[in-house]
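Before I ask anything, let me first share the structure, which is written out below as structure tokens.
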């Protein structure tokens, strides 16, 4: 089933981490810089995330005694300090998620470096330490960002998709644990509808959309693997959708044989397995590749 | 479940308002101004709304003794006076929905102001009074429109998405009740197919599409919240789809513990709860925001 | 339920007409005129229609003793004479469907007129008479085409969507029966995937896609209305999809209380009901409308 | 049911071939030549195919003692030699699938010819012989490619869609067996989400997406036809999806009356049926067709 199977602590059969990217209104502000402040609909839709959905999600986590991971752009952290505080108070992890959800493919690496550092400063200022994990906006991680993460002692990234289970990305300058996402467990395809970003989907119903994530869990559970939905509070944190996913998380917790934990813990565990971990070599040098066709 | 839960009159467990935006053929006439009059297919598709679907919907409402809310662009009101008359005769509310469904983001606020007033005049002329509620085309409400609504003593808007329940939008010049819509209860994603507006969806089947709305209701009912589908007569007023939704509305009415009423009543009730209502501060001044990234 | 209900001959409870538009490879040839002859995939996909799907559909119709309606572009008729012959031999109707599925909105009415007449000549040459019905490519009928249909004594059109049931379109120069299609019973949204025409859908499974059409039938049956799917042999004539729809048609036939007949018969019946028929006035004069917004 | 029904060897009721196109990261490298090496997300998503999914698929095939067919671009073969070796070791077939998944419609036939030959050389070098089958990237086969396949003694192509069952494409210079694919059994519409190629689908859940393929099988089984899903390891080789399809393949194998074999065997069998095979004449001469409309 897996080429590099992983065993989990305390005899757990399977591991899982529910991750939320709290992008809030950074999406429309960066996507439509000329007039975003006029666009109150996508702004309010984004604000729903930190102000309405995150409290709901935190309530569930408190009730089920879970510690999970949120990824936040630095600008969102500064704009919503109460959200940061509430997340930290409950002991959850906050990962680096860019400055304001700007796609790294849309500007030079010099700009990217500056924005990355700016967000890093925000993390240090607001959480008291550097984040240990990173996820790129739209998953658009570049070799230069990988170098930067290694340089800043990040433990893990969660943007690349080369495996089902965590693996190690090895470069000339060091290595990083990769905790791979997957479009089948991302909530943009089933739920997002955002003309401002040219992303208009037919919006599935709550049970229909969440069912896909649950089926992914079922397969991972059966195989003793790892399940990590990539969610957004303004999408999956909506009442009806969260009720569906919450019920599923409750079932997992009741079952008792799933290690439902933060990304940091998953990454530490992966790192501790040492040589049994799959390694992906990555050339992060600066020579651009030759096009494959004339 | 809700940070700012609301109780409903007469011990009702949950509130709901079924809203229809009667855009008719304004959509294609504004979307394709150069040759819309040649495009008889989208024109006829739009005309289905006021001439076929609205009578069907009104019949259901009469049978179930319901008073609900319709939003109509001024041009549509003038073009379909019988529709206005039939709606008013049955005691329903008509809200302001722009002049001809022109997106406020596509022109200057000067033009927007002129069209807004023109529609307002139509409302006064045809209904005898100013409308109390507003919904922006494509939900594209701007700060200037919010100011305008407050200036004209509107009770509520229904274009922003920052919460599940009604909330208060507070500006420097006054405040407004916001009754928030949501893409998961809008019928464009499941049912619209309009190449003229570059909006082509895979069109769900009647029960599949309506099921999503019902699941949203179920979650709101369970949580004691508020359910407000945003529908269009030419989409959800089609026979097979309406039969699905009608059966659901019949069930709600039979249950007896849902306050199914007009938007105006919902907004008045929200306003009456006073300080328990969530407040969203909105800067509607004219200084444009600075872009978040270089 | 219906503002202008219709009764059907011989006490039938409901009427239905299964229509197929045989566009074949005209779609890609007109859509990509510069290099269509190099595009063997969409050409072969189109050729599947007349060469594989139509024989399959005709077999079903023969077995169930049904007479139905096909719409064919003139070019397709000339390119696939055996298909025309097989359809006529079994007594089915062939309606006018343009010369080569060119969208009337993409060229002047002079060109449209010339192509319309060319197709008309093909009909007369190959069927021995003028067609009695018309459906515009992409439903893009224009006022000028309506005039042309009336001028050529067409009995009906099937491109406009202003009602559930057949209605009469009345112009200054005469009238026409309209048998309205609807996007909810068109097989492009659930089944088409044609990058060459920028029409890429997520392609539903056979039972899922056909279920939507059946639900539309069920609602029409219950209301005593009229059901008319708009299908394409290269889409719904594919084996698995046709088996789903075929089973539904078999059930209808077994039931015995549905008048399943050709469009021509439906139109004749509608015409015979005279003044009880809904009338839609249509200004087909040449003065272009004024844009609704500045 | 079929105009040209086929009987299968050893009294089997139906035939089937599960085909995988192993495109890996060629997709993004060719689609975004200027900066593909920076796009680690689609690269890693592509790498999942040969490194994670193919071993999983091969394991299933070994367990069920199946010999199936993979199509690989030459560049992918050179980049993933272990994948080629593992496939060959288990006795599976590898078909020609271009040099690096470049769309033949995007460059001149001179370039296409050169890339075709380059891939052919890779096949000979790595497998010891010329491939017997071909599938065009995005199915974009051209008349010139058909000529080239015949010139190089290919047994079959699998890019055109003119029938349900294998047929013979006859040109002036020879003929070729065509084993036709179909968009209803291709896994891009249900599962692909690749912004880099402007191909963004709402991503179905595992059981929902695979159900469509199974329904296509059921119809083919009932009719004694041929079923050939066109899959991609990085899509359908994902754990949860493969478990769904694997279960279906297990059922087929248990049933015992389905000839589940390689494309080469299907093509040889089709060829052996001789004159009973449907023939499609194809003019592969160099005169471009005249546009159908002015």
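In order of appearance the chains are A, B, C and D, and numbering begins at 1 in each one.
Criterion: a residue touches a chain if its C-beta (ideal position, glycine included) is under 8 Å from a C-beta of that chain, and two chains touch if they have at least 3 such contacts.
These are the chains along with the protein names UniProt gives them: A, B, C, D = Chitooligosaccharide deacetylase.
Keep in mind it's a predicted model, so treat the numbers as computed, not measured.
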Equivalent interface positions on chain C and chain D, same or different at half: different
CA centroid of chain A to CA centroid of chain C, Å: 48
Gap in Å, rounded to a whole number, between the CA centres of chain C and chain B: 34
Contacts with 2+ other chains: residues of chain D: 201-202, 204, 208
Arrangement of touching chains [line / ring / star / complete / other]: ring
Parts of chain B lying in touch with chain A, wherever the complex brings them together: 1, 3, 105, 136, 138-144, 146, 159-164, 180, 182-184, 186, 189-190, 199, 201-202, 204, 208, 211-212, 215-216, 218-220, 222-223, 225, 280, 282, 288-289, 291-294
Complex interface listing, chain B residues touching chain C: 26, 29-30, 33, 35-41, 44-45, 47-48, 51-52, 55-56, 59, 75, 99-100, 102, 107, 111, 114-115, 191, 193, 195, 200-208, 238-241, 243
